[in-house]
Amino acid sequence: MAGDGEHQNNTGTPARVGTGRDEQAQVLAKLRSGTLKLYELEKSLAPLDAVQVRREFIESETNTSLEHIGAFSIDIGRVVERNCENMIGAVQVPVGVAGPVLVNGEYAHGEFWLPLATTEGALVASVNRGCSAIGKAGGADVRILHDGMTRAPVFAVESIVHAKQVVDWVETHRETLAGVAQGTTSHGKLTGIVPYVAGTNVFIRLEFDTKDAMGMNMVTIASAKIADEIAKETGARLVALSGNMCTDKKPAAINGIMGRGRSTVAGVALSHDLITRVFKTDAATMVEVNTRKNLVGSARAGAMGFNAHAANVVAAMFIACGQDAAHAIDGATCMTTIDLTPTGVYVAVTLPSLPVGTVGGGTGVGTQQECLKMLGVAGGGDPPGANARKLAEIIATGVLAGELSLVGALAAQHLARAHKELGRGEKR
Amino acid sequence: MAGDGEHQNNTGTPARVGTGRDEQAQVLAKLRSGTLKLYELEKSLAPLDAVQVRREFIESETNTSLEHIGAFSIDIGRVVERNCENMIGAVQVPVGVAGPVLVNGEYAHGEFWLPLATTEGALVASVNRGCSAIGKAGGADVRILHDGMTRAPVFAVESIVHAKQVVDWVETHRETLAGVAQGTTSHGKLTGIVPYVAGTNVFIRLEFDTKDAMGMNMVTIASAKIADEIAKETGARLVALSGNMCTDKKPAAINGIMGRGRSTVAGVALSHDLITRVFKTDAATMVEVNTRKNLVGSARAGAMGFNAHAANVVAAMFIACGQDAAHAIDGATCMTTIDLTPTGVYVAVTLPSLPVGTVGGGTGVGTQQECLKMLGVAGGGDPPGANARKLAEIIATGVLAGELSLVGALAAQHLARAHKELGRGEKR
Amino acid sequence: MAGDGEHQNNTGTPARVGTGRDEQAQVLAKLRSGTLKLYELEKSLAPLDAVQVRREFIESETNTSLEHIGAFSIDIGRVVERNCENMIGAVQVPVGVAGPVLVNGEYAHGEFWLPLATTEGALVASVNRGCSAIGKAGGADVRILHDGMTRAPVFAVESIVHAKQVVDWVETHRETLAGVAQGTTSHGKLTGIVPYVAGTNVFIRLEFDTKDAMGMNMVTIASAKIADEIAKETGARLVALSGNMCTDKKPAAINGIMGRGRSTVAGVALSHDLITRVFKTDAATMVEVNTRKNLVGSARAGAMGFNAHAANVVAAMFIACGQDAAHAIDGATCMTTIDLTPTGVYVAVTLPSLPVGTVGGGTGVGTQQECLKMLGVAGGGDPPGANARKLAEIIATGVLAGELSLVGALAAQHLARAHKELGRGEKR
Amino acid sequence: MAGDGEHQNNTGTPARVGTGRDEQAQVLAKLRSGTLKLYELEKSLAPLDAVQVRREFIESETNTSLEHIGAFSIDIGRVVERNCENMIGAVQVPVGVAGPVLVNGEYAHGEFWLPLATTEGALVASVNRGCSAIGKAGGADVRILHDGMTRAPVFAVESIVHAKQVVDWVETHRETLAGVAQGTTSHGKLTGIVPYVAGTNVFIRLEFDTKDAMGMNMVTIASAKIADEIAKETGARLVALSGNMCTDKKPAAINGIMGRGRSTVAGVALSHDLITRVFKTDAATMVEVNTRKNLVGSARAGAMGFNAHAANVVAAMFIACGQDAAHAIDGATCMTTIDLTPTGVYVAVTLPSLPVGTVGGGTGVGTQQECLKMLGVAGGGDPPGANARKLAEIIATGVLAGELSLVGALAAQHLARAHKELGRGEKR
């Protein structure tokens, strides 16, 4: 990055860029005349210059000032290669902290400050209140129930007889296919092969242990090799490396049932006293709100999420921590349960398909890496996979905090209204 | 950023902050001793100072440098009030541009450069290719089919007889309830009331025209008043202002069927020649990929999205444009269809629940507002609602570009493999 | 039946058939040689003879005695024309009665004996116990929340612009389409038109009040005319008169959300005392079983039914009462809720899509009509529609009885085990 | 029936009953006074007499003649014990035959006449046409992809930590649990154990090979023992033996993904010539109808079935063959696919959860057994399981015939309309 040793220059001050103003003007002229493509800038310019010229071009094309977008501090050398083509700068998403939250996981132990990148007012405050309650309750239990990233190529076959032959071949050649996968990656490991048939469509859902990576890339590369082998040996035609039974970035029952990413569950027991003090409500009302809203309401709506607002926490932590934001869709398919217990309530969140990683993707971008560092999970873990699992445990705890807080708030209002109505002598 | 004195100082250089170092040290000491709460900083410090002190506190607590997170340029006066509590800085999400893409909508006309905030390599390039194809095809058709933001309070009733009475009362007092809503907002307008019953649970799904706002806030305020009125008049107990039949931030069939936000559909006709030149495949193969992957695969997976990667574009544009990132979950429940036509294919994306706005929420944050300005949709439209609808049309076109490109790429690989296999004389 | 010569002879005794043995032998020979088709028998033979000859042919072809299948008593003159082609006889499905059950509906008042056609041991006994509890509780409340049978033709359009045009045309020509429907039926009445778009697919969901008929036939006839009109006026191509958004005989969220058939809800309040005496359990345990099994379990399974065994009662009463047995799929998408109340529990079943009728279809078959008569709902009601709605109310009450009984039984076992474990001093 | 002395007397003629008229009158009086319960009749009377007295009682209570319901021929000795309590007689469901249909399965080979018990006019004729097409095409391919009946008890645990302990215990004690199952049944065999967690709810989905039985009974008995063992060893509380993740008689994604009963797929290739001759349409139109209706329409409706009318055939064959009619819900969750091929189309139906048996349940009832005999599958197979699988293959072929026929009919109409419109020179 860019010449001055402190920050790179992002504001267009000529002195700090590696390319002269004249040269940039020539490039801009070429862009405008169409003799140079916008994505070709990095071929002839240093990353920072390319981004600046591109931004200026867009400013001129759209007659807009992109001053703030240009005011980034992150080192973009790797970003333009790995994370973002045609880069013009960065958006700044405000980060608030909630916590500390006490986590009793198998990978995450102790207190953590949760970074939440969001523009939705009240979200951080809400999660913060949940974190406080969790702390008072002695911490959240968290467990990872399953861990595996998947890809499911789809093949076209000639007939359902052929479909059965392909399935049979796959089921009797698991070792062969594991060997094929092994050749493509030193990090990932093939852990599951499940075939599905729909008429002449055969889907082979491949599952891998991807250690600290979210892993879609390594999984896709390994799956391509496996798919080629299957095609070659069975005569099935590979139609698409992703056949949507993976299922990536679409809410899908298969992910809930088979698990995908880090299947994580978190829970906490709240005493009657704590419920009264922190949430100004009572156990029965919390249970009622959860049942009528999160269970009955979601069921009646034909929803695939049985929670209050898990998506808010998942999205905010994913953006902060350099996760793939589109994966919030998979990650947020959460079920929140609240049981009445002799001593209060037990609240739990179940996240069957939370795809997270601490290496690769956006985890290396400057600001995102700082968030991961705040959580002590930047980079690869020891043993491999430990960091990604720790991150999953922390995010699940954040989701639990958010659920606690919102359900608690709704219950408090409900209880308050009920008291008020009773006070007014109204029949309910 | 840095160095021009116009922006706030975010990099921790002492001289530029409004509060003295001593004062900050005292505050830090109070935080550490617990006599001051982290969220109370804004009460005694200017926003920028509060954020800096809080960040320093977190740096010290987590033993982490948060230099980049502190290096923001956006004006945070409003942000700390409206968008993010306990702010410590911002994450920088790289923004690439795709386009220009030619849009033939009812609100968006002409060429647009799409800002995509993402760390997923290849995404911008992929969307870019789709935009190019759309341009060569004469532009994408886009239409908004329905427009309404919803909230569905859940009430507890005594019996199913009571449930029917509540439903009947609501259905005969639509005017009354519209009047109640009118009193709470000058912008929103109640446009629909649909009751649902599940045993002793009554859900009243309220729909509003929210003009240029995404609108959850105004809708929630109006719904609270309406819910109180219903409770008062019918004796139903209001359990939660959101009963999950809204459905907000959970994938839900009700949103697909009733619509939510801006229900938008976009399509484009590609000629055989264009398919060959741009995508290196043919019409039949594109149809086959779409059918086997997006229709059959998703159906077989029990998925609620019938698309290739709509979530990528929705999430990237939502983050860039200051939309609620958790709404990507609603927005991405897209269906992609590809028809074989006499001249090639017609590709369409249907997004029944795309919740977007150009005022409120994160739209006022500096970098996000610049992205909205790039699209010519920052702030309120003329007439009101026109900007938000224009944004929805542009995002839908971006999704179309992404789908075109990925399906095209899969089809090209499929076709290439098929040719290769034929070349080897293999039976398929 | 039975020796009087007035009814058809079903037992194969030659003397009683209208056709001579020789003639039958000739016909059989033609069938075997292929010069006569099996379905052509009714053209040359009286219904009873045709059925007998066909049965003999099948007996000979399959080397099986079909003595019992031939031993029917129902008058088959209309059956062979309206209900069943290529008839060879009838299967006898055992009918048990449960009840009487006390119904407090808007159409059904008083006690009813429920006919259940089933071969599943314990089902009738289970429903019977539920009926008894309902009686002791003062009867079940039942209400119909919505009533309408639907058909949704699917049209292909040229583009999404065309799709919007079709939708707009339909929405501005509701009166025209209602007039078209009117011309096809004196019984049914068009009550709703809702368009849906998925790319170039336009679905027009037409809803009708079908009075006492289940109504698919009249609805289909009227829909055909309407679809032709839409095609003629808009240039949309009608692809299929049923486009699966109806949705008929497939479990579908749209039916839960929009309603289909008779949307019915039934509930009953059980006192603590009654729960103890009849079900040997307690209120909290019933609530727990319902929550963990019917709400959480179904949600976790990705199920579209949130009940214990509604399908058993719906199927058994449908078969007994001459309803379309395949409609049990629609009818059984039931949600069971159990609330803890100050006095015990309130149990309710919600059946959003219960398609039933008392005229047409199988309702005229001898045995089935007797079952309808048992319930006082055979034939058309006064006013029209009253009988079908009464039947819906009774069936919903039967479902409630079944749910009560099974959940009660599970709760009793659960409670017993808990006591036993406590008795053994086991930690739970 | 009637007049030969061999069958039981069902028509109320006094001379033939085993109990005197006086005695019956006394019993009736007791029933009316309430001193005798309706279900107690079999304790003091022979089955036939008990049924007759009960029917007379109901006739008198409902003021209805139940002549036809009383006119059954089946031997009810076992029926009243095993299939139906409180029996009053039987309904007669007309049976038509379709076929013969040529099946190329692994268990079913050759031609079969399909018995369909239905009152829905045109159904048998429709299936018949499909059978004819299948025959002309050389028969239907059928394969069973998975075979296992399931039960999933739900346990309550104290915390998510406890949940993980239970899961771990189960996964490390598979042999123990298999041994427990073995002790309860000589027929069934435990073949799978899959644990699922939702907060404090632990579901253990147990899968069994049930040979020729549909198997719910043996599975439930074995599951009860296993559940007790789990509860004893882990401290988990067994809440319900069926926790709805089985999933029985509710449409559920888990059954599609994991399979339940006999997961069966059937397909057939139709040549262009055959499509023209039998269906009066063409290949492209069949594909279009299937895509727009069965794939896009069902997806847009949030449906769990992607077929035209699989439920009709499943329900009709289930009723004819003594299957549990409520299982039509599980059985009918079918996906129909139609591929364009160089020579025409390949049509396939995929039925992932078809629960059928040839022993137990209603398979022993006289008429139903005759239907099973027609198909050569009555009783246990050789090897065990072969008959039930053969039945599954035949039913799947019936479903295929039904789908072919209805899609073909819709396509023919579509094509005819298209031609007509073209003939009129209309713009489409």
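Going in written order, the chains are labelled A, B, C and D, and every chain counts its residues from 1.
The rule we apply is simple: a contact is a pair of C-beta atoms (placed from the backbone, for glycine too) under 8 Å apart; a residue touches a chain by one contact, two chains touch by 3 or more.
Being a predicted model, the structure only gives us computed values, none of them experimental.
Enquirer: Could you let me know which interface, C-D or B-C, is made of more C-beta pairs in contact?
Expert: If we tally the C-beta pairs in contact for B-C and C-D, the bigger total goes to C-D.
Enquirer: How many angstrom between the C-alpha centroids of chain D and chain B?
Expert: Averaging C-alpha atoms per chain gives centres 44 Å apart.
Enquirer: Using CA atom averages as chain centres, what separation in Å is found between chain B and chain C?
Expert: Averaging C-alpha atoms per chain gives centres 42 Å apart.
Enquirer: Between chain C and chain D, tell me the centre distance in angstrom, where each centre is the average of that chain's C-alpha atoms.
Expert: 15
Enquirer: Touching at least two other chains at once: which residues of chain B meet that condition?
Expert: Within chain B, residues 156, 196, 198-199, 201, 253-254, 256-257, 296, 298-302, 304, 306, 335, 337 contact more than one other chain.
Enquirer: Counting only chain pairs that touch, give me the topology of the graph as line, ring, star, complete or other.
Expert: complete
Enquirer: What residues of chain A sit close enough to touch chain D in their complex?
Expert: 141-143, 145, 156, 158-161, 163-164, 167, 196-201, 253-254, 256-258, 265-267, 269, 302, 335-337, 339, 346, 348-350
Enquirer: Considering the complex alone, what residue numbers of chain C touch chain A?
Expert: Per the touch definition, chain C meets chain A at residues 253, 256-257, 284, 291, 295-296, 298-302, 304, 306, 335, 337, 340.
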